[in-house]
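Shown below is the structure under consideration.
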Amino acid sequence: MLFTVNKSPFLFGHLDSCLQYAIKDTPILLIEDGVYAASKGTSYEKKLKEALGKFEIYALGPDLKARGIASVIDGVKIVDYAGFVDLAEKHNVAPWI
Amino acid sequence: MANPEEIEESSDEIVKKMMFVMRKAPHGTINPYEGLEVMLIVAAYDQDLSAVFLDDGVYAIKKGQDPKEIGVKDFSTTFRVLPGYGIEKIYVEKESLENRGLTVEDLLLEVEVVDKSEVTKLMQEQDVLFPF
Amino acid sequence: MGVKLKFGILILEGPYQHQSSDSAYNFAIAALEKGHEVSGVFLYNDGVNNATSFGDPPQDDRNVQEKWSKLAQEKGIDIVVCIAAGKRRGLIDDNLIKGTRISGLGQLTDLAISTDRLVTFGD
Amino acid sequence: MGVKLKFGILILEGPYQHQSSDSAYNFAIAALEKGHEVSGVFLYNDGVNNATSFGDPPQDDRNVQEKWSKLAQEKGIDIVVCIAAGKRRGLIDDNLIKGTRISGLGQLTDLAISTDRLVTFGD
Amino acid sequence: MLFTVNKSPFLFGHLDSCLQYAIKDTPILLIEDGVYAASKGTSYEKKLKEALGKFEIYALGPDLKARGIASVIDGVKIVDYAGFVDLAEKHNVAPWI
Amino acid sequence: MANPEEIEESSDEIVKKMMFVMRKAPHGTINPYEGLEVMLIVAAYDQDLSAVFLDDGVYAIKKGQDPKEIGVKDFSTTFRVLPGYGIEKIYVEKESLENRGLTVEDLLLEVEVVDKSEVTKLMQEQDVLFPF
């Protein structure tokens, strides 16, 4: 299973909720405004780093670029749309919208 | 998840595990209603169906909803027909219920209360997840 | 690449207001480029608004509706507008983009049954 | 009641998907019933979808678009669809409900200037 | 000024954000899914009670009824649409959407 | 807020205080873009205009946005024209910026950084609040 999260973690509890359902083999893909969670130096960084210790976390590169997020937290894997498709090929998708 | 190649070859008798993941509150958005509509249609096909209500989704099956004064049609009681339509596996996430001060007594239909790890386990078993 | 899969796409939001339909489109293109099949796109909730033929966005911006129409016509992808959601929101035969069709939720069920993955985009 | 006020209403979401337009409508009715003036309703973003004449919701549910049309015609309330937001989303002269009109953001500015309160409903 | 909040406090940070900008003479009106915050016995009750000590908090009755919320936290004032209009008559409206 | 009766009598020369309250992130929804469009139009009228960016709204004026690959037009740099259009009072809420790891150096235009109590004070002074 692959979780996708498309909301900013600052105003929306979607990622917090998702992290409570995640397990070792369910990667999380941040897309759209969800990619703000992968940004370095934010008040969410600590939570994301804790999550990185437990789960694989991906962020969609085109969405990072769109938002001008140049520094991404170490350990977050950046993928393009082809990488999104690869993840959806390997896993069933659970959109945490 | 079944092997895709197998699915291709036996498409006449496919029975998939499909789960409705209901996470949204009623009336503020149309999601629970449109989710219910999908359930009622998919129920006519012979699939292995279930629904889980979690986060604000538990509010969708709360008793006593009466949206007359906001000008909206009440659909909540329609959730009661689900078991009769063959959707018998209806789960509610425990903490979502508790955080909202609700118990199973407050809900419109009989449900099985499960914790988060059980929800994840159930979700992992599915072929299709419908998020509403 | 691995095995060729069949993808179904469900869209729950309209164009422009949310990024969902852009993401769905980009995902569909990437899946096709990787040699997968996109068996169909089902437009539900405000997603039906992706199929209006009356859309006319500024010249310097994308035309989401047209992109879907081209995808349907050029790649033969079946794009279905939910009839009930469409009727509510004013998406009917008279303003339907080329290459799409109106049908019921049974088509979504078929898509879920016949594909290897159903991927939903919404808000 | 107190002084008679002029209210302007700005709607940013479409009908059905969000409750915003229902809330805006109920607010407008209550304001009128209390003797206030509703000087105008401006439909912006997905709010333009409140003005489609192609809407045909189930008989047992509300018809949001029709409610706005009646309010415009019966109470003489000026309901304006933003031309740019409407063009993007496929809301044009051909599918505009009776009693509403299409115009630019200048109308929203006028509404903001000429009323005592501008109340926004959105998601 | 009158703040309006239309999102559930459980998944959306809108009410939390609004409370940080509220001051004594800016009442808060909960509408649509915002009224869930006024419900008794929830995990948000403590926060709402603290806010009630500082600000006037209103909840739209028709939205409470729509959602079957029968027990409302003491101190929350229930108003109908006419009451919403009264508040908007007294205050300029700041929708915290 | 001016007395409504007074407004009525002097409608030719009304100058209202109008503030754009920008709370939403770019690209996920169209809000910052449509808010900007309103600003550019309202700026043509002689009103007393200001904009405050807070919560995820600060991301709307972050430097370096490039939405080409998501298929969306970049509009962020257009925020730079605001002062030239007569919208000179542009505020950013301090904690919103800090929580996102941003400083004024990361922003596309010159802003005045204010704290929450100042934002509230500014909002209280307005005749019209446009939330985007």
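So that you can tell them apart, the chains are marked A, B, C, D, E and F in the order they are listed, and the count of residues begins at 1 in each.
Criterion: a residue touches a chain if its C-beta (ideal position, glycine included) is under 8 Å from a C-beta of that chain, and two chains touch if they have at least 3 such contacts.
Fair warning: this is a prediction, and the values are worked out from it, not measured in the lab.
Novice: According to the touch definition, list the chains common to the neighbour sets of chain C and chain E.
Specialist: Where chain C and chain E share a partner, that partner set is A, B, D, F.
Novice: Which chains, if any, touch chain B and chain C both?
Specialist: Touching chain B and chain C alike, sorted by label: A, D.
Novice: So which has more C-beta pairs touching, B-D or D-F?
Specialist: By number of C-beta pairs in contact, D-F is the larger.
Novice: Select the chain at the greatest separation from chain C, using centres from the mean of Cα atoms.
Specialist: It is E whose centre lies farthest from that of chain C.
Novice: Is it true that over half of the residue numbers where chain A touches chain E are used by both copies, so same, or is it different?
Specialist: Chain A vs chain E: same; shared/all numbers exceeds half.
Novice: Which one of the chains is farthest from chain B, going by Cα centres?
Specialist: F
Novice: Based only on mean CA positions, could you tell me how far chain A sits from chain E in angstrom?
Specialist: That pair's centroid distance is 32 Å.
Novice: Give, as an integer number of Å, the spacing between the C-alpha centres of chain F and chain B.
Specialist: The answer is 41 Å.
Novice: For chain A and chain C, what's the span in angstrom between their mean Cα positions?
Specialist: Those two chain centres are 24 Å apart.
Novice: Which chain D residues sit where two or more other chains touch them?
Specialist: Expected reply: 3, 5, 12, 16-17, 19, 23, 26, 45, 61, 84, 118, 120, 122-123.
Novice: Chain B: which residues touch two or more other chains?
Specialist: Within chain B, residues 23, 27-30, 55, 70, 72, 128-129, 131 contact more than one other chain.
Novice: Provide the list of chain E residues touching at least two other chains, using ranges where the numbers run on.
Specialist: 6, 10-11, 13, 17, 32-33, 62, 80, 92-93, 95, 97, in rising order.
Novice: Every touching chain pair, please?
Specialist: A-B, A-C, A-E, A-F, B-C, B-D, B-E, C-D, C-F, D-E, D-F, E-F
Novice: List the residues on chain F that touch chain D in their complex, please.
Specialist: 4-5, 7, 11, 14, 16, 18, 30-31, 34, 37-38, 41-42, 44-45, 47, 128-131
Novice: Give every residue of chain C touching chain A within the complex, in rising order.
Specialist: Of all residues in chain C, those touching chain A are 1-3, 5, 7, 12, 19-20, 23, 26-27, 29-31, 33-34, 36, 117-123.
Novice: Help me check something: in the complex, which residues belonging to chain F touch chain A?
Specialist: 23, 25-29, 55-56, 59, 62-70, 72, 76, 98-101
Novice: Sort out for me which residues of chain A touch chain B in the complex.
Specialist: 1, 13, 17, 20-23, 26, 92-97
Novice: Would you pull the chain C residues touching chain F in the complex into a rising list?
Specialist: 16-19, 22-23, 25-26, 60-62, 67, 123
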